[in-house]
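Both complexes shown next keep chain A, but they swap its partner, so chain B is in the first and chain C is in the second.
This part shows the complex of A and B:
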């Protein structure tokens, strides 16, 4: 359903992604692990053209887009099939929580005001913030903001959700509430690509774990394979620093 | 005893000097409009890194900011007709106000462009990315997310610029336009009561500036979403269940 082929990306002379491919089935959750600077966030940002990859291609459903050759319109169509959740939430600060969820639905996807409002209310309920629709982001905690961020990305029925270290900016006690929502998103059958350092989440929730280092995929497999029987020494060395059993 | 200071003249002169108020206001309003439109264009060109135009914008801005407005006015007033005549355009019937609109408008544009640019850039970049990844077009991103936030940030500096433009328009009399100051100068020269006439003009400027200040203050309060207060409610510890019906 989603097929990413041979992505290359350089910043000046520094090649940070050296031919990464990835395919994802409907509703599948893939977690990308790796040390800082391994290129995992850059890879994620290449998928929706926040960074322009030098070469490679991405196919979602029936649309194939080649990096470096895509037109503005193709990029727009592609982005509308994906949602993104950011490390620092990136909520629109001039909009309330509910408006944050509703605006992309109405503006980009042509929902009516009423449809959007109903779905926003359902989602607010689902993420445990039914009373918070009229709050501005500055009045919400980090965990609340991130849950709104997930609801905003999810509201438009994307084919896949991209998560860029969604819990990295949160106080430890708030991480749980966000991970709960992410589990619910998986339960709803939405495909996810998650860049994270939450090993517990990767182990429990993902269908597949990818370990990236120096711009390449070092190892890939089920959470059990990767966490319990890593084959590559670099994966072992990385996981040794976390005590996950 | 004709040239003694006579306070009652200040009030007597007021109506006469007020008759020139429309010129001062027109200068301020038109120049601000030109300034906002051209200034936003310059800011936009600089932010989006448009080749060539960006360089032009940088040179223009630094020229305007680096020279006194009086010199710019003389350059436009004496230089522009010369240039136009040279290419065969007749400038004999051009209202001198037009030259003032150009001068003050471009001057405002240069200063406002920096204010606008700073305000646009102060909107966190992640919100641009959030808008783009949500499928917004660039236009939608600017109209719905960036501009509304940048405006709130820009209002205080914008207000300062408009009020200082209002004062700067007082230089218009140097090319013979009868604005508030021009009128006061003319009255003073005719009656030898120069001080009274200028005090009269001063009162008009103080009141105008005060009104402008209040208007911008009100605007700032009205548009500032972050100052709207609401108590932070407690989170309901609900286990989320998300229904996600397929659309296609």
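This part shows the complex of A and C:
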């Protein structure tokens, strides 16, 4: 359903993504782990054309787009099938929580004001913030902002949600509330690609774990395989740092 | 030299009726200059080829000369060429029919465009990259992003500079007397021409200008505090 083939990306002469491929079934959750500088965030941003990859292609449902050759319209079409959740929330500061969620529905997907409002309220309820619709981002905690960010990305029924270290900027006690929402998203059957350092989440929630380093996929498998019996020494070395003995 | 306080108030009462002329010229110039300045700032911010270099040269040229020179050039160009233009375009209107305040507004708009384009450009820089990432990731077009994200987040940041520009424009209208618009300053000068009490007349004019700028500044404080609530940076 989602097929990413042979993505390459360089910044100046420095190649940071060296041919990464990935495929994802409907409702599947894939977690990408890796040391910082491994290119995992860049890879994720390439999927959404926030960075323009040098070569490779992405297919979502029936639409295939080749990086570097895509027209503005093709990119917009493709983006509208994806949602993205950012490390620093990226809520529109000039809009309330509810307006943030409604914005893509009305502006991009042609919902009526009323439809958008109803869906926004349902989502606010689902993420446990039914009373916070009229708050501005500056009045919300990090965890609340990230939950709104997820609701906004989810509002337009994307085929896949991309998460770029969604809990990395949060205080430890706020991580749980965000992970809980992410689990609910999985339960609702939305496919997810998650870049994270939350090992517990990767272990419990993912269907598949990918370990990336130096711009390539080093190892890929079920959470049990990767966490309990990693084959590659680099994977082992990376995971050892997170293991609590 | 006798100082005639009574004459000050006499002049004030005479020139206060020109306040609307001044306010009109300043506001219209602020709106035209603001729209042009926003367009220039957007072109330069998005580095539109050719246009952005062109605008940047234009702004540098206009910024580098005194306002009075801009006024006189506008006046000269208009007085020498308007009739040819009107004839060529088949308009009925002739130079003599033009309200002189229109020429003043052109000059003041140019000044406002220069100042506000720089103010907007600075304010654009205050919008964080992640706001654009969010807009793009949601599939918003560039125009939607400008309209719904960039401009609404820019205005509160640029507001103090916009208000400052309005005050500068109000003071700048005094130069319009050069192109024979009757406004506060020239009316005050005229009032003193019979008895030579220029000092009192100038004080009267200053009092009117002070009053206008104080009202604007108070209004601006109210406006800023209202905008502040929604846009406190997180």
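Definition applied: the second predicted complex is superposed on the first by the 243 of 245 C-alpha atoms of A that agree within 3 Å, B and C clash if a C-alpha of one lies under 4 Å from a C-alpha of the other, contacts with A are read in each partner's own complex, and residues count from 1 in each chain.
Throughout what follows, contacts are C-beta pairs under 8 Å (C-beta built on N, C-alpha and C of every residue); 3 or more make two chains touch, one makes a residue touch a chain.
Just so it is clear, the model here is predicted, and its values are computed rather than measured.
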{"item": "Three-chain arrangement built on chain A, chain B and chain C clash or fit", "value": "clash"}
{"item": "First (chain B), second (chain C), both or neither touched by A:91", "value": "both"}
{"item": "Chain B versus chain C, judged by how many residues of chain A each one touches", "value": "B"}
{"item": "Partner chain in contact with A:102 - chain B first, chain C second, else both or neither", "value": "neither"}
{"item": "Contacts of A:20 with chain B and chain C, given as first, second, both or neither", "value": "neither"}
{"item": "Chain B versus chain C as contact partner of A:44, first or second or both or neither", "value": "neither"}
{"item": "First (chain B), second (chain C), both or neither touched by A:136", "value": "both"}
{"item": "Which superposed partner A:209 touches (first chain B, second chain C, both, neither)", "value": "neither"}
{"item": "Touching partner for A:83 - first (chain B), second (chain C), both, neither", "value": "both"}
{"item": "Residues on chain A lying within both footprints (that of chain B and that of chain C)", "value": "48, 50, 76, 79-80, 82-84, 86, 88, 90-94, 103-104, 107-108, 136, 138, 140, 152-153, 156, 162"}
{"item": "Chain A to chain B touching residues, read off their complex", "value": "48, 50, 76, 79-80, 82-84, 86, 88-94, 103-104, 107-109, 122-123, 125-132, 134-136, 138-141, 143-144, 152-154, 156-157, 162, 177, 180-181, 184-185, 187-190"}
{"item": "Footprint of chain C on chain A - complex, ascending", "value": "48-50, 76, 79-80, 82-84, 86, 88, 90-94, 103-104, 107-108, 136-138, 140, 145, 152-153, 156, 162"}
{"item": "Residues on chain B engaged by chain A in the complex (per definition of touch)", "value": "124, 126-127, 129-137, 140, 144-145, 148-149, 152, 225-226, 228, 230, 232-233, 235-247"}
{"item": "Contact set on chain C toward chain A in their complex", "value": "130-131, 133-141, 144, 148-149, 152-153, 229-234"}
